[in-house]
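In what follows, subunit A forms one complex with subunit B and a second complex with subunit C.
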Partner chain A sequence: MSERMIIPFGPQHPVLPEPIHLSLVLENEKVVDVLPSIGFVHRGLEKLVEKKDFLEYTFVAERICGICSYMHGMGYCQAIENIMNIEIPGRASFLRVIGAEFSRIHSHLLWLGLCADAFGFESLFMHTWKLREQILDLMEEMTGGRVIFSSVKIGGVKKDVDDSLLSKINDVLLELEPQVKEISSVFLESITVRHRLEGVGVLTQDEAVSLGAVGPMLRASGINQDMRKLGYAAYAELDFEPIIDTEGDSMARCRVRIKEIFQSMDLIRQAVAKLPQGPIAAPFKGNPDGEYFSRLEQPRGEVIYYVKGNGTKFLDRMRVRTPTFANLPALIKVLKGCDLADVPILILTIDPCISCTER
Partner chain B sequence: MLEKQITEEIEIDKLFSRCAELKFCGYRLVQIGCTRTVSGVEINYSFDNNFQFLNLRISCEKDQTVPSIQSVYECAFIYENEIAELFGITITDMKINFNGLLYKAAVSTPFGETAAETKAVR
Partner chain C sequence: MSFFKKSPWLIHYDGSSCNGCDIEVLACLTPVYDIERFGIINTGNPKHADIFLITGAVNEQNKEVILNIYSQMPDPKVVIAVGACASSGGICAEGYNILGGVDKLIPVDVYVPGCAARPEAIIDGVVKGLEVLENKYRNKNKKK
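This part shows the complex of A and B:
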């Protein structure tokens, strides 16, 4: 029997700047068991709800993560709106879709760049992030921010988008699409990339379901599940089908994310075309009294916001179940049996957001 | 759009069998979340089956234990370990138990009790 040893991965690792620690139990070069540890930068944002009133907490929710900031604010506001029966105006719903889909494109391009960096393809990494800049520029024009947007508020959105910006959004997407196609072909066809991703970290359909995987991690294993199909914001009025793949390996997860970038571009175009005129926020008064589980599809998968109000300005509870936390069991599964050299790329293929997990 | 959400309040001793029924009916476990109440905690077990959202709720008094549902829903281990470590709830028969090693938090069971300073702010 081979001698077992424990290799620590993280909390500081070149491939993953965010702190998660994995104790990898190895037999020779094979990982046979994994013990995860989180909490190195746990910020207690859920606890903070006891001290901040529910209006102020929107700003805290947005700071859960710098990548899905827009959707964190949106999920929290959606929960409060459902508790208080606030119907947001149609224009605000469509603007939320545009903001959310920009976030998805930005997040997936960020992930593709990190993935390229992880297997040492530096030029591909820089090219991918160069394209991402164009999305960040558009988001900055739309919301005023590049990381924390402070754009979504309870009852709607804070900032309207004028016709010239809508037209610019269409123009930039038109220019960006062929450029993303160009880098996509490198990810999907280059022998170097395929060698590192194909057949690595296979998660079967049954395993993905039983381990509670979400988002691209789940859809890459052939499960048709996308929370946008719930029809929140304006998704019910847009035409799209979830992107799924069947291989369940790291390449399938990469393919799903690449296809979702193009799907997001299409959804933004649809939303721009259908954007109704009218107000961007609904007035409301009072405090939330009741509870609601708000569900959204973030770039990394399904996120849950549980909000419980008691009729005062302070909430009793705000809990976020982030997609990275839900994907940890699946990560542990795919790591077991893999080669030590594949560990960094496998951790990356769940697109981990430790900032979300350490809310 | 308001999603229809059903919450069933059940006794702790019915939890395991109800989870097994839901599993048989095709429900997936979405999350397990815990909220502190005056006398203990309430734990929400959220399930989904083709966008039908169902929530099982148990109330757990101080010193009560909660059975693990890992043998029904494998992925429950991550939530059960989280609840045990952040809220200090004892969960029995956990197949995968990190024994307090999942969260490297500076304060043990940070959601264990509402801090005195929080009450003062309110």
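This part shows the complex of A and C:
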């Protein structure tokens, strides 16, 4: 039995594009304890509500995170709309679903690529990111931005989608689906990938519930919970079932995300088919007065927006509970007892978004 | 831009960026943009790097880390600030713990605009950075 030693992981580490620091307490090659320290990306965005008015703050909310920026804007706008009793037009809520589901596909493809990079499968990483570019091109045509869209606004969306673009969306999805199937077969069947993912970092159903995990992390452990089922935006009119898995290991989390890519493609097709005609934004006046909790399903899990207005154009309080923050206790649980070599892949399986967590 | 004899390697550090610029930096490495055709490799080790690519503004917590990486890089080196936040603080400049752009802490050679900076702009910035690097090499050799 050797002595315990501490290995620092991060904040600048090749496997993670983002800074997080973990002190890994090791006994030989086994991790026995993990001490996270965060704050490298803290920008004080929640406190910025005192300096930017509630209309301007939509742009700040989108910049909480660059990967799920569409849904951050959406969550904030939903909260304000509920406080001010603004009924958004049907076309706008369907366009929001299309934007949000495209963000989910791009985020999950990004995660699959980074995951392949973490276990050293460089060509798979490159291939996955090549497919992701097609989604980004389409998003750019729809909204005008590649990663930060500024497309959602209070009362609706900024830019309409014409019929030629709608048929292009269908064409691109038709082209993309077999390509994603091809790479997903590598993830699910390749012996190299399965060796690295199967049975690694098992989170049981009870642990997932008691540690408060959210999103794919929770669903991979067999809990049926998806905030889209609440029916915000136009999700109530679309037909889908949350994707769950029972194994709870890294492979199950990978499987859930891959299936969600295909589910999102299906949701986009449904939304395009049902897209109603009409205006894309509702007019409103006045300032928000009151408070509201807005809940959304982001690619990483459930996000909660709390907004409190006081009748002036500056909000009293804006609070975000982000999915990565909720998944950190579960991460620490799966890290304890793992091999040092598995640490990068385990950190990636929660799909960490540090800039969301620290804001 | 003239021909540069060495293949410069770069190191990327996320200051306090929202991930937008980070994933665009990563997109530069992947097939559609492929920065490796200029001989540029993203390395994780500051001692191997010639170019320091920073995204996001400087805050109280990460300034030590940025200084640490910068001081470990061998001379001559080039610093590129990618995106609005790294250049001036951007949208979070008024945040209570934000010091401002990267130039508040270390000298910056090239600024890449945009929120988020587009991959084309980042590649353009890096190619400009190569020119600066070459000049620094030349000046260093003259001094000898």
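In this section, the second predicted complex is superposed on the first by the 357 of 359 C-alpha atoms of A that agree within 3 Å, B and C clash if a C-alpha of one lies under 4 Å from a C-alpha of the other, contacts with A are read in each partner's own complex, and residues count from 1 in each chain.
In this text, a residue touches a chain if its C-beta (ideal position, glycine included) is under 8 Å from a C-beta of that chain, and two chains touch if they have at least 3 such contacts.
Just so it is clear, the structure is predicted and the values come from calculations on it, not from any experiment.
Colleague: In the superposed arrangement, does A:Pro17 touch subunit B (first), subunit C (second), both or neither?
Modeller: So A:Pro17 only meets subunit C here.
Colleague: Quick check on the superposed pair: does A:Phe40 touch subunit B, subunit C, both, or neither? Answer first, second, both or neither.
Modeller: Once the two structures are laid over each other on A, A:Phe40 reaches both partners.
Colleague: Is A:Glu133 touching the first partner subunit B, the second partner subunit C, both, or neither of them?
Modeller: In the superposed model, A:Glu133 contacts subunit C only, not subunit B.
Colleague: Looking at A:Asp342, would you say it contacts subunit B, subunit C, both, or neither? Reply first, second, both or neither.
Modeller: neither
Colleague: If you stack the two complexes on chain A, which partner ends up touching A:Lys51: first (subunit B), second (subunit C), both, or neither?
Modeller: In the superposition, A:Lys51 touches subunit B and subunit C alike.
Colleague: Output check: A:Asp249 vs subunit B and subunit C. Expected answer is one of first, second, both, neither. What do you get?
Modeller: A:Asp249 contacts neither subunit B nor subunit C.
Colleague: Applying the document's definition of touch, where does A:Leu110 land relative to subunit B and subunit C: first, second, both, or neither?
Modeller: Second partner only.
Colleague: Using the superposition on chain A described above, determine whether A:Gly66 touches subunit B (first), subunit C (second), both, or neither.
Modeller: In the superposition, A:Gly66 touches subunit C alone.
Colleague: Based on the A-chain superposition described above, do subunit B and subunit C contact any of the same residues on subunit A, and if so which?
Modeller: Dual-contact residues (subunit A): 39-40, 42, 44, 47, 51.
Colleague: Report the residues of subunit A in contact with subunit C in the complex, numbered from low to high.
Modeller: Residue positions touching the partner: 11-14, 17-19, 39-45, 47-48, 51-52, 59-60, 63-67, 69, 110, 113, 125-127, 129-130, 133, 136, 145-148, 353, 355.
Colleague: Subunit B touches which residues of subunit A in the complex?
Modeller: For subunit A paired with subunit B, touching residues are 21, 35-40, 42, 44, 46-47, 50-51, 82, 209-212, 229-232, 236, 292-293, 295, 302, 304, 306, 308, 314, 316-317, 319, 321, 325-326, 328-329.
Colleague: Using the touch definition up top, name the residues of subunit B that touch subunit A in the complex.
Modeller: 1-3, 5, 28-31, 33-36, 44, 46, 51, 53, 55, 73-75, 77-78, 82, 98, 101-105, 110-111, 114, 118, 121-122
Colleague: State the interface residues of subunit C toward subunit A in the complex, per the touch definition above.
Modeller: Its residues touching subunit A are 12-14, 16-27, 30-32, 43-46, 56-57, 59, 61-62, 65, 69, 91-92, 94-98, 115-116, 118.
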